[in-house]
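Order of writing sets the chain letters: A, B, C, D and E. Residues in each chain are counted from 1.
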């Protein structure tokens, strides 16, 4: 064995994140090719960009937990229902039980924690596969979300503090939703923790080879339970953020989120079977997922074509990334 | 045991779409015979007893989509009627979204469970044949509500009778929605967009079709391609906003379903309430609030409460008093700033009503 | 060199997998500070026995004592808490992680400073450096920042050994630690074992290389078909006696029939 | 090593299939506990049972392919859309292009084969993860299904031969749908092939350790492509069977099938990560999935409770199975 | 015993992984009917070299010739079609399948009869039986119907060897086939290699056990740091010369310093 230093460029290109970023840029650039009138208009374009980030913020927030879980060798299909229960209970606690914003938030996060703990314990201690456990939990939570919305939906009350999650700030004439800051902030913090802490190291090892990790003394059950808790807490937080922004949430909110979020995580280069991946990849993967409908809507695609093209674009975006890195 | 009830006029549609209910509402016949509904007297599967407390019965109401909030007032109406008569009521359907096949499976189990009466939507002209006939063979009377994909003649062929329908023709309801849009649009308006949350949901497509028909038939306003704003607020509001950005000359946008409030949110976010007329369907609290704030100009209701109340009442009249159920058009009511106050007061109660009934 | 106090012993330890009796009624004893070799034919139950000693397998029956106290290990960490560290035959590495991360798998060094300690921030520089130091002890060249998956068979074994060395245990169990190593590599590992004994560590060594075993061990325990066949002082036993025990036979001569044509068969001489 | 013969009973109980079967029996028995009036009536009970099998027949038919795929280390989320496209094109070809039943069937299966081939080639040759590929294909096919149903749905014409798929026979007063025979027949045939042929052996090996399988000379790409083709063909066939029975199919038919089918496969004991599983398990897993709504509807559960209890029952059924085998 | 025609040779064969030069400009030649040993330190590039010869790795550059014809293997089956069979160092077993299925992995015997042949029905009885026969050749006790995952390290190696024996190749490449085997097991494998050579097979043997190598091989090729250091006739070379080549050194004496206290170090004698 002899080894010469890898060039920085080579290392960079071989990283999945760069490929995904490139894929995103291509899709984004396609907006410019197809609608130069909008692309070159600062006002429209900054609005579109800001909305793009806003619309993927919940995916990113949930995707943080999902990345931990998937890197650690499990996944969670109940996040969409958890998102609904999170948002709906947040509103309910403030309206019907007169809790303050912070108390309601705390209660919601605790509920999320309990749900995640339940998922984690059933998976690790009873040995029920996470697919079954979280499909089951998906139904259970959806039932609860429906139960708590007898009139179809719940609305947040008019409390100033809610704007911390749902409000926005205006910078140089551009309105930026606070959600975006939450999504970026949480990604940075949890990305740091995943890369730099012992727990993060254990997440990777657990997903890489659970038996080896156990034989090296890692409590893989604990790692997985923490990941399940983190995911459910973040999903319920995403629900809080969403209802704070929209002012309202239906019992059916978040249906289908699980696949979107998992897709974003996998597009970002995380191995679905564990052991590899980064939050940066998930972040970029979410943007890819989010930019596709923007591109199609701006071009006024008819409804059937939208569905069709969405599929084509997802595959092509990832294909591009793979071909580039070859 | 069932006879036939000869021909009626105004059989709706060609049977391939949904919501083409038997009789039109107030569309009116163009000359010739007036509207009529000839009712054949099918004796109920019960023995009439006028001299004592009516029996407590069980009615099950089945929908093609139990995940939407649309039916919340329907559930309230169902339970109102049932509790007035001392009946038991259940509302069920596919909880993961619109699915005819899942609904038919559920209907089969409902028939097995042996209720006294069934009210169901019929969202497809073919898929319900076996199960409806099985219900009728088991002496369980069936009425339909909200969506009916068959005309009376077709039902007679399939079931040996025309099932009564409580609801509105989806295309006609969409038509009303389209007319309202035209009314709210300024004179120089040139483009409007119909939107919907699920292109695979035939009732929504039918409403969108009605909207488009109304605009095209009664104005020169251009109708753009439909916008799919999905059932997810997160994605949907952004899509609508982007659509507004992409079409700065747009004058109106109307939704075909309960997610019409996304349009209100988008208009509010973009601050274009003065230049874009927003409207659409259904009486969700969010949509009404937007009308109240001026972000939306109107919405179209089709009285979902009555879709639960009257089928149940009709079943009582039929099973205990021998009066066959009749079609009951729930019409299309338009809510705008002129009547929003009352509409909000009324809609605010559905949740409480369900809680009151424990349903 | 070896003291008389058993630091670790088992009583009628048994492990069955379904109807397979992998280890049956085994009394195994290791004295403080000695190198105890454990030998036996393939499938004799060596790995299964030591996996019970380090918490990976739960015994079907029988008892384990460490420092005269009965123990029952739920997992590997329990064993580790009692000062037992293991190099597994199957190595137990996380293939997509780096060599350095694997050397410290489960026991990553954390940064100094309040934040570092509170968050358990991994001190990556120290990790890479100490991994290098540990790998240097066995003198097998391997890049601490390479993915384990991309290293050679011998390099992987070196990583597993380096991991065990890193933790400073009381009892070190090594299941065929030199099987994939070059002559130099194996020699280095034996030298390290010798050093560790000098520092007072107790070592259990599983190996098929009887020459290595007799060269380094104080005593030799022999398993055959899941049963303990006997224990011998290394300097009082011959290679052929051990082989005879391993085969469950009494007469040694029967194991001598094979001789490769052109060179002296290494298996036939010495001890 | 010494080995005593395993008792037959022990071997039996340790098999996952027995646990799942037991779980199914418990749920089925609950019908008797909660509705003895129906349970003890031969006429209703035989009808319910026959309808239960009917309702899961499409899951089973698709589940055969999905089992092959999952055992071989991949999966397919596009089966629900494929099912819709299969049924809808079947009707369309007969109505609008005047094809005979057999010609239409053949064409539909070819379409399925092409879709499966596409999935398989993108996954194996281009290296796009199957999650992304088949999520993309799910969208593409859904778009096609919508496009082919401008009126919302398609109906089959009145051709006698269609009854081969959608009809029924009556045995001793009990109506048994032909679908059930198709589901059982295909399970038996493909179960036999999976257990007894070289290809079947290669499926297991590929999912168990792809690298090892390749190094042993197995063309794992071929194995996976065949599995993708089989899955898509069976999914389109399930669509044909379904539209033949219902007489009609919506563009939205089959949404959510992918998760139901994967859940059935996993409940039946197949390892989601490959290398282990049987079709018998999938068959029983489908029955478990199918019996839950029957049980709940027979007991008149309202929607929210139904959703809630479905989740609880799924988890508990699998938990039971695991606890029994401990 | 060895003929002079090369059945297999490479020209300037090179394999790089990114910037790691695992094999560099290697000319490797194997003659028909000989046992060619390939030795080298850990990480020298032995496994990488032979993985190019059996289609697992694609060479970065260089050429491979089999029976004087240039070949380029896309995958393992291409190599197999040229009569090359391999026992991998990492064994390459499917852990959840049975021992018998693994012995025949990828080449399961099919049933007679039209249906059997048409459907490629696996003849399970024959498979189990032949697996037994093959395993018996290396005389390591293992249940052919056990899951591989549940067998011991040595048993797994025996399965991998049995698999190679089952296919009747022209050239058999064995990457450290005896590393996990007991003395008896290793001896049996060497004996099998000897028999195969007698039957005219060509064998490439990678091993760290120089004694085994010198005992069985006709010639020895030495790799160091990815480069071919030289080829020697086995009966004309000493153990220490080989070690010196492996280390890339000229002076042999420097490898003799380590000697365990109580027994003659096996590494020091014989050849």
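Operating definition for what follows: contacts are C-beta pairs under 8 Å (C-beta built on N, C-alpha and C of every residue); 3 or more make two chains touch, one makes a residue touch a chain.
Protein names from UniProt, one per chain: A, D = ABC transporter permease; C, E = Sugar ABC transporter ATP-binding protein.
Nothing here was measured: the structure is a model prediction, and the numbers come from that model.
Student: Treat touching chains as neighbours: how many steps, at the fewest, connect subunit A to subunit C?
Tutor: 1
Student: Name the chain whose C-alpha centroid is farthest from the C-alpha centroid of subunit C.
Tutor: B
Student: Taking each chain's centre as the mean of its C-alpha atoms, which one ends up farthest from the centre of subunit E?
Tutor: Result for the farthest chain: B.
Student: Determine the centre-to-centre distance between subunit A and subunit D, using the mean Cα coordinates as centres, and give it in whole Å.
Tutor: Chain centroid spacing, subunit A to subunit D, equals 30 Å.
Student: From the mean C-alpha coordinate of subunit B to that of subunit D, what's the distance rounded to whole Å?
Tutor: Distance between chain centres, rounded to whole Å: 34 Å.
Student: Taking each chain's centre as the mean of its CA atoms, how far is subunit A from subunit B in angstrom?
Tutor: About 35 Å, centre to centre.
Student: Could you work out how far the Cα centre of subunit D sits from that of subunit E, in whole Å?
Tutor: That pair's centroid distance is 44 Å.
Student: In subunit C, which residues are in touch with two or more of the other chains?
Tutor: Residue numbers touching two or more other chains: 20, 43, 141.
Student: If I count partner chains per residue in subunit B, which residues reach a count of at least 2?
Tutor: Each of 95-97, 199, 359 in subunit B touches at least two other chains.
Student: Could you pull out the residues of subunit A that touch at least 2 other chains?
Tutor: Only 1, 3, 142-143, 146, 303-304, 306-307 qualify.
Student: Mind pulling up the subunit D residues that touch subunit E in the complex?
Tutor: Within the complex, subunit D touches subunit E at residues 1, 3, 193, 196-202, 204-205, 208-209, 211-219, 275-276.
Student: Could you please specify the touching residues of subunit A with respect to subunit D in the complex?
Tutor: Going by the criterion above, the answer is residues 77, 122, 126-129, 131-133, 135-144, 146-147, 259, 262-263, 266-267, 272-273, 303-315, 318-319, 322-323.
Student: Can you tell me which positions in subunit B touch subunit A when the two form their complex?
Tutor: Residue positions touching the partner: 67-70, 72, 95-97, 196, 199, 224-228, 231-235, 237-239, 241-243, 245-247, 258, 261, 265, 284-286, 348, 350-352, 354-355, 359.
Student: In their complex, what parts of subunit A are in touch with subunit B?
Tutor: On the subunit A side, the touching residues are 35, 38, 44, 47-48, 51-52, 54-55, 58, 142-143, 146, 149-153, 155, 242, 246-257, 293-294, 297-304, 306-307.
Student: In their shared complex, at which residues does subunit C touch subunit E?
Tutor: Listed in rising order, the residues are 17, 20, 40-43, 47-48, 89-90, 140-142, 146, 150-155, 158, 176, 179-187, 190-191, 194, 208, 210-212, 214-216, 234-235, 243, 246-247, 255, 258, 260-267, 269-271.
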